[in-house]
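So that you can tell them apart, the chains are marked A, B, C, D, E and F in the order they are listed, and the count of residues begins at 1 in each.
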Amino acid sequence: MYLVYILMAIGLFFAFAGTVGVLRMPDAYCRMQSSTNIATLGTLGALLGAFLYAIYLKNTGMAIKILFIAVFIIVTNPVAGHAICKAAYKRGVKAEKLTCDDYGRDFPNE
Amino acid sequence: MKPSKFNSILSTFIFCYLFWIIFTWTFTSQELITGAIVSLLVAILTSRFFIHEDANYLFNPARFLNLVLYIFIFLMELWKANVDVAKRALSPSLPVNPGIVKVPTEVKSEYGLSMLANSITLTPGTITMEITEEDNKNYYYIHWIDVSEKDRTKAGEAIKGTLENWVRRIWK
Amino acid sequence: MTQHLPILAIISLFIGAFIVSLIKEKNTTLRNTVVLIVTFASLIFTLMMYKPIIEEGNVLTYWMGNWEPVQNWAIGIGLEVDQLSLFFGLFISLSIVLSAMYSFKYIENETGKDKYYVLFLMMSASVMGFIFTGDLFNMYVMIEIMTFASVALTAFRNNRPEAVEAGFKYIAIGSIGSSLILLATVILYAQFHTLNLAQLAGEMYNNYTVASIFALALMIVGYAVKVFAVPTHFVAPDAYMAAPSSISMLFSGIVNKAAVYGILRIIYVVYQSMNLPTMQFLLIFWGTVTMFVGVTMALAQHDFKRLLAFHSISQIGYVITGIGLTTALGITGGLYHALNHTLFKGLLFLCAGAVFYATGTTDLDKLGGLAKRMPQTAFIFLIGAFSISGIPPFNGFVSKWIIYQATYEAGYAPVTIVALLVSVMTLASFIKVAQSAFFGQLPKEFKNVEEVPLSMRVPMWIMAILCVIGGIVPNIVTKYLVTPAANAVMNASRYVEAMMGKEFASKFYNNLGSAPVIDYKLAGYWQPISWLILFGVLLLAFTLVAVLGGFNPKHFSYADEEDAKYDVFFSGESSEFSHVAGSDLFWGLKYQFRHYFDFMHNIHSGIVNDYALSVVFTAAVILLYVFTFVR
Amino acid sequence: MSKKEIKVKNYIIKTAADFFAPIGLILGIYVILHGHLSPGGGFQGGVLVASAAVLIYLGYGYEKATKTLNVNLLKKSESIAALMYSFFALLGIFYAANFCRNVFYNVGKPGDLFSSGTIFLMNFAVGYKVLTGIGFLILLMFGLLNNEEA
Amino acid sequence: MIGFVIVSILYIILAIALLYRVFKGPHAVDRVVAGDSVDILTVVALVLFSVYSGRGIYLDIALSIAILGIIGTLLISKYLEGKL
Amino acid sequence: MLLMNYITCILLIVMGLYTIVMKKNLMKIVIGMGLLDYGINLLLISIGFKAGGTAPIFTIGELKSDSFFVDPVPQALTLTSIVIGACVTALALSLVVMINKHYGTLDTDEVRRLKG
């Protein structure tokens, strides 16, 4: 039982950190980095907590579904992140003080 | 190697049927039979998309085991990276040092490439922007929140860690 | 079998729509056959309901899926057909058949014929569903499908920019209207937890709350948008003008009528013990403004179909005035005028379509002299024009006369005067159309136009004959069609009783009285037979004079020939083309009232925001009015 | 400008489309068929299935998507589905009851897949109609966009 | 098990905080990123609420959002890329 | 809590009407139509709500003896209304595309060939 609470607390913490990151980070790319933070541990924690609780209730169907929701979120989110990042770059969104920019060197924006 | 039609449909069918069972989660005969019919239809429709090279990749037990192990290792990596980024986001001075680096990789197959790319994207702090091919070698372009190494190979090791080897064990 | 008739009348059209979309576009014969069969089936199903409903006076209720009311609580969707519904249903299904027949040739050269028929049948089916349903939300759904199909049909000739523009304006304004109706439905559901019209009427009887009055106002504005009453009418001329003529006919014939039906149901059945005099004043005022603005705008138009569209608005003004009177005579007049309007306005739109089919334009400035090349169309057009402007032996006169008398009797003498004036102006504008499209000189480029094909003339002739019949034997028409419908309007308790059972309806005692069978000997000096005799005598005299006086039709010939000096309306030059164009005929009148016309032109700005603003403004005014005067 | 030839590979979105197309289809059909037992029903499931078409479009582009999904066939089957719905509704009249009557309603016990008579079939018809209709709409709109560019 | 409700409400509060970025975001990309995160947080809140109320049917909805949330983001990013 | 819903609905409806009346871009007018729809849909859903009620779907084993449903009718109505709204939006958008093709602009002040 305590494990469930701990997991949920972890999830909340990371979701909170991610939210703060999205709100605070200087440019769009760094915000994306932070948003993956939300998507991974922020959700995983809470979903695993719910999963354990569902097992504790002996509700197997529910537990399996929760697990697969977690899997789907984890699998879909990077695809979206990748697509949006690429789109941002193609769109010419300004990035703050890039240390190095291999991509811009190889694919100059016309 | 071109996958044979029957094998690809069969593996897609099993994949679909698994999901049907998960969605319904009631084991009456009606549900199971309907699910079989539906999965067969879906398998015939989508097998040409779903199967890329090898029709029975996951039926190889070693690969399957690797996949399961990979999940745990990946979770470890995830934990580390998450803590790191959370620290950065919450610290008052926002210590970021972003950049886009080009990283070579050894993975060849489509599923493997995108799996590794997704794993990289999922670990906070890095996002794959593009996969390209130069001289029969694949490269990732990765946006990295804290560029500590500008050299390609070293940066690649810092980012990919041990993940690449695991991915290569699952896919080609 | 009898109980299934309403649903069959609706579903046959829907099934026809789905079958038509399966047929290949090139297969014209099969598609036309299916359309004809389906529309005829719907007409026959509707006609079969005539005997049990109008003649025997039953009210037919039908519960979808046998979900009948439990403990006086309607839980299912019900269809209910009483005399009023059937009255509307009859002429609507008739005009659907005629329009379908007309479209076969008319639409021949367009692309996307299959889509045309699918949308056509969808629109017809939704109108039939709207008329026969007994459920508030179903009414919303049907009117929304109707708007949807109408918009798609308006934009049917999508290679013309005007059509697409009109379609967009129509959908923007129409969706505001439907949203208002939906909002009112929601509020009523929240109040009374039912959607059935009959049960709503019972629950609401003498039990009005602020919210239900709010809903009434929203509902009236919503249907007014659909009926194109004046401050919300801006989109109507655009839509009527851009749509194919067979569809314009349906717009004025059935879409408008469906909205009129909605207003009737809401005011007389659902809110039947509403504080009637104030609602009466609102509707009469609104109708009068509508008819006046419509006709004056029509005087200034120089496009055939746009002019007809403004006339349509004006005639709907008569209908609204009639049904707003709440007296038996007024409702009879309003309903009769609705029927007549469907006939003669459909006829006129079909004539416009015939002109378009033959010449490729409807601009009155370019047309002229078509009577020589298209004599039948010209003749039919004259019948329609006489009907709409209330010339005696035609049906328009009868219904207008009833409305004049009803308004005068109810103490609204100024309305009577305005209505008469509007009638005169209608005649004036149709003189303009007749003069510039069918008489005068024939332009050279239309020298080779030919009469439209038979399948287009047949519907026109049918409607023309019905117009004449409606004018010659009004007694029969009123007795067997209009009066039962008016009776059904006046006695809402029968509607409730048939739907919810006697026990539930026992709350109702206020039968407003039954509509009288109108005897035209008492009601004014309208004697159809004597007028007919007069007409015949005049015709005989004209023929005699023509024959004895050596009248030679060969004098009428083309402008570029030698003996063309009698051709021209008032000038003798044979060499020039001196046709009086449509926009010039009333320039003196227009100059005198130029401030008014300038104002009206500025209001019809063509900007969709302004149109939407006028709808919102109307809603605000009506809300204010209803809250001030209706308790 | 780079000297070496660099091939861009859109593997990520493509593989995602490959991976999720069967899952989306299965989920959609599950929602359609369990319309009487769980939230959802014909419309929602139909939309879910149609989203698989979007995924294929995203992964492979318009050409491949139209090659896989025959637009004309979609259009036809939409009308067929509507006819199916009308037929199931008319079954009520054939069984001497009213329109839309659920005629086989007492088959099976509650909770089973085939326990609701015609509602199941009607759900299926609606789902079929919606998935073909929305799929058709989506392809039509993307086709419009592609033509705009060309 | 009231803790689940509290946690799901906290998640919703985080989602509402993210709406600030959706509204303000200097570029469309920021809005999309924040919207995506809102999507995911909503799924989590839905799952937690479902577990709390013990009804599996809410999970179906969460499942659909989880699978379909990607499509909107992908479409918008394709549009921004100019390749739609 | 429910009052919040009603306020939001009215806000959405007013925003929708404002957008239709004031914005000079055809796309924004379509968005305004959508807003109007959503406001009404939200209202429709809210009126069926009962405090403590659960979703009106009967599943075996998940319901306790004291659980009760919210009103299912508004939910069905909302679904219908959403479907209709989606169709209207699709049609309006296609018309906007056509207008853009013919007129080359989306400004309502330019799209006024029919007037008077």
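As a convention for this text, a contact is a pair of C-beta atoms (placed from the backbone, for glycine too) under 8 Å apart; a residue touches a chain by one contact, two chains touch by 3 or more.
These numbers were taken from a predicted model, which means no experiment stands behind them.
S.K.: Which chains contact both chain E and chain F?
M.R.: Intersection of chain E and chain F contact lists gives D.
S.K.: Please name the chain that ends up farthest from chain F once chain centres are defined by their CA atoms averaged.
M.R.: B
S.K.: Would you mind pulling out the distance in Å between where the CA atoms of chain B average out and where those of chain E do?
M.R.: Centre separation, chain B to chain E: 22 Å.
S.K.: In whole angstrom, how far does the Cα centroid of chain B sit from the Cα centroid of chain F?
M.R.: Here chain B and chain F have centroids separated by 39 Å.
S.K.: Return the distance between the CA-based centres of chain B and chain D, expressed in whole Å.
M.R.: Once rounded, the distance between the two centres reads 28 Å.
S.K.: How many angstrom between the C-alpha centroids of chain B and chain A?
M.R.: Taking the average C-alpha coordinate of chain A and of chain B, the gap between them is 15 Å.
S.K.: Any chance you could list the residues of chain E touching two or more other chains?
M.R.: Residues 54, 56-58, 60, 63, 67, 70, 74, 78 of chain E touch two or more partner chains.
S.K.: Two-or-more-chain contact residues of chain A, please, as numbers and ranges.
M.R.: Answer for chain A, listing residues that touch two or more other chains: 18, 32, 39, 61, 65, 68, 75-79, 81-83, 86, 106-107.
S.K.: Which residues of chain C touch chain D in the complex?
M.R.: 3-4, 7, 11, 14-15, 18-19, 21-22, 62-66
S.K.: Taking the complex as given, what residues does chain E use to touch chain A?
M.R.: 1, 3-4, 7, 10-11, 14, 17-18, 20-21, 27-30, 32-34, 36-37, 40-41, 43-44, 47-48, 50-51, 54, 56, 59-60, 62-63, 66-67, 69-70, 73-74, 76-78, 80-82
S.K.: Name, in rising order, each residue of chain A that touches chain B in their complex.
M.R.: For this pair, the touching residues of chain A are 13-14, 17-18, 20-21, 24-27, 29-30, 32-34, 36-37, 39-41, 44, 60-61, 64-65, 68, 74-75, 77-79, 81-82, 85-86, 89, 95-104, 106-107.
S.K.: Could you list, by residue number, the parts of chain F that touch chain E in their complex?
M.R.: Touch list, chain F to chain E: 54-55, 57, 59, 62.
S.K.: What residues on chain D touch chain C, complex-wise?
M.R.: Residues 75-76, 78-80, 82-83, 86, 89-90, 92-93, 97-102 of chain D touch chain C in their complex.
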